[in-house]
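Look for chain A in each of the two complexes below; its partner is chain B in the first and chain C in the second.
This part shows the complex of A and B:
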């Protein structure tokens, strides 16, 4: 994992909102959605990104993909700096990096046949056309476990799990190297979640994909990811190999997250534990990561 | 004694795609002081049957075909809207999933709490105000006095859900019904809410129906688990035998598809094949049969009755097959 070269290197990424004048207020306060976020993902690796709502997980995913322009910091794809590129120069890299969203219902166009929806990126990028395009779409349907005969149907004819499969087929259509999956199983029925998680793994095995897997279900993260990064108020406070995070969490916020997972066993009781006081423990700007074990980094700041 | 007893409840929806069979001849009871955890996915009928018995089902398209719901000696299904309004929010408290749409955005939180208390209790003036402050305090909202004059948008998602629970608990209900009340919350906030509900049970002896898709939440909170699918009960019983010795292939599949704790032992998770049933075209027999690798001809043809199973009283399953025997045979085959 750590020996293969990174497909993605993120360094000191920042993104803030506000600051500008509005009609009713002179200046809005600046909110740092993400602050000094740095991590690497190796080829074919899965990095989990966890934290509460508002911690900056989704903003990180969007900034990495250039769906939002970062204020500062660097994003390198296979060594190529992306933050200085724009427009046409960025286009070839957009093919390599795709996104899968939480809600499989709103991501699909209700008036577009699902076959065309999956074909669209290939048409836009001009990678396939004619019967080759049709063959490729059929191949993608089979890859994600859907019958190619469904190509001419509309989204409303599919269940939630099938819709997420369609979204995944579109995301892998351009043979990307890296996918940001933002809570991709949260909106699905429990009996379907395992199906989609297995599909993620199968596609990784077959296509060598690397994932940034954004989630709040820590048990699924433990299963799927080789490393985990924990975010708190826009900062990564801990990043380590998955088993290290679960067996030896060092940051008190990570500890409180893990202690809060309900255990599906009536004989084991989650120990009652006072929650981590987020508002009193916002990491200061100057806080630095310290390596506490090989590959295990913790943000060093005083805790109340 | 049963505080709530549901008898032969059947609910359907009339849609352009046909009649949706949402709840099918559902019967169960909840004892006073018991916590019942109901687990199910979309189309299981877990939410619809609650809306039906509380008189909150939109009709049309919904239609209560038959059934009774006895609460404390009264049949909720036979009550007038007005009488039912007195029960709802009073003796029966409710907390639903989405606090953003359940709270009125243009009224202060205090005003909304007051509305419930004035309707269902004799509290007025100073005593009323004290009770409002006390309620926000019980659910762990800091500075309750100041918070009463704030609007829902000034609360975070977790705090709004606490307000909903405060409103649900306002009149010391005998029965609290929560439908996916913590699903949208962060895991740390969920843990606090679960601790709070457990404390309310201890302090007030409240009977609870907790609807969720999370087996972990049920294991933590419930005395009895009821697994629903296709508008029917698939399995039901005290949590320990159901978790440790499931008798329905659906319960078994749900438990088995959860990732193991500890180091990863297998590359792929166990997955239940197929999709939840389309209840406009319900399967003829056992609703889970089309997705059940153990299903027999009889499962596909005939609906199995809910029957006692195993050694623990109250453990019931609706299945024609004998799951432990099938699993043992399967194990022998692979060895």
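This part shows the complex of A and C:
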């Protein structure tokens, strides 16, 4: 494991939907969106979170930031328990943890000038005002590679990549220690993806940010993350340093994910292998993580 | 704004509605400058005089005729439009403010607040609006303030429903989530992030409501519960003139026509406005 103290510790996080029988409604079946999710992120580290759609990646990110209230489990930021806090008590921690969203189009308020949008976190927390605020917004625009002259424009005048830069500027405005990036490049053109990923790295170097990087694209994860967690049906099935996941995947689901990465060489064919049957291998609730190598944990459950 | 007028000119119905409405509003606004006969002073020698177009600009001319006490109908129509438009627009704006706010509250807060507000809407929808209006005006007494309040009361539910539906989808949009993530207060999110994004639908509901409220205002004054005589009002003119319908058609026809044209112009303009702001019909152009 990493030596520096964790900026974020998540333990046994649960979140389910459904249930809730009322007078007029029948009880809906309970779905465990995330079940017993635990991980740690060190200061300045990037943890990748991968898995198929609906595996609970985004719910994990949102539950960590308290955008969704977890049913059980604990989220600690630099040792402070967050799940028991609410309202005003949570506000100081909002400064330290931010989110970057998948869809740069719906992440900007269409009726708000982007300069004001980027300035909003600082207005809400009262950190800057007046001309200092204007200067800081201009500085943030330059930091993410945008012309500060764009401040007085509306979102519809920007491209997807520019919009994502605006979102990033807003997320780093309060100098947070930790950012959840929920598939921040999925909606962008491939040529723009690389630029945004590089921006993520530059900002990490300059500001010492820790990321929880949620993604589909495993090659991008390999490039950006120091450790990777793989999610399946709301559970983390494997978590390990990036190179170890790629060189020595232990869980069959991880193996099938890695095998699905396209090989950019028409002459090389992948050896045929039976696909991993997700529906027949839902991890049972009592399954436990086992350490198979230093820092490499795999969920231990029978595989069909 | 340039797009607005260019698109408006392309729609015949929308343009017709907008021009007609503009004429009606301008006539109402500048009524005191038009040197019309006093709408409340009768001329008993000219009772129930028919419309005459000869000597149009002479002082005693009545281009649309006179009523049973010899008051000039054209003058009463134009002065009546002032009251009608003022009452209707105040009611629509008042109902709009209340309805939009409660719609945002119900949609964003959800849960118990939402359920209580929406059941309130359901209950009010179950009561015939005219009956409700009659009850309130009869209980509080007929005055302009009461009529405005009653009309606003019948109006807020339409805003609340439509705005709530909009907010339900806006609430899940990522910029609202992002505002929560930075720790913005509920009030800040409601007024800075949600309100600006529902103003367009509110405006469209407003124009369509204006048409409905004008008719209700006319109906209330027809029943004698609106603006009190001698102040001219369209509904009252209809009520007073209907006795003479067989002998003096102009006493009823012109106020009726005024109501129809006003409501028609507002509806045409409102329909066009709805299409104009709807991204689906817009992109088709």
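As a convention for this text, the second predicted complex is superposed on the first by the 299 of 304 C-alpha atoms of A that agree within 3 Å, B and C clash if a C-alpha of one lies under 4 Å from a C-alpha of the other, contacts with A are read in each partner's own complex, and residues count from 1 in each chain.
Quick note on the criterion: contacts are C-beta pairs under 8 Å (C-beta built on N, C-alpha and C of every residue); 3 or more make two chains touch, one makes a residue touch a chain.
This structure is a prediction, so every number in the text was calculated from the model and none was measured.
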Fit-or-clash call for chain B and chain C when the two complexes are aligned on chain A: fit
Contacts of A:244 with chain B and chain C, given as first, second, both or neither: neither
Spatial angle chain C-chain A-chain B, Cα centroids [nearest 10 degrees]: 80
First, second, both or neither for A:109, with chain B first and chain C second: second
Which of chain B and chain C A:191 touches, first, second, both or neither: first
Which partner, chain B or chain C, touches more chain A residues: B
Chain B versus chain C as contact partner of A:65, first or second or both or neither: second
Chain B versus chain C as contact partner of A:124, first or second or both or neither: second
Which of chain B and chain C A:160 touches, first, second, both or neither: first
Which of chain B and chain C A:35 touches, first, second, both or neither: neither
Closest approach of chain C to chain B (Cα atoms, Å): 7
Footprint overlap on chain A, where chain B in one structure and chain C in the other make contact: none
Chain A-facing residues of chain C, complex: 173-175, 177-185, 188, 192-193, 196-197
Partner chain C, residues of chain A touching it in the complex: 62, 65, 67, 90-91, 94-95, 97-99, 101-103, 106-112, 117, 120-121, 124-125, 167, 170, 174
Chain A contact footprint on chain B (complex, rising order): 41-42, 157, 186-192, 194-195, 213-220, 239-240, 243, 253-255, 257-261, 263-264, 267-273, 275-276, 291
Chain A - residues contacting chain B, complex: 52-53, 159-162, 189-195, 197-198, 201-202, 216, 218-220, 222-223, 243, 256-257, 259-270, 272-273, 275-276
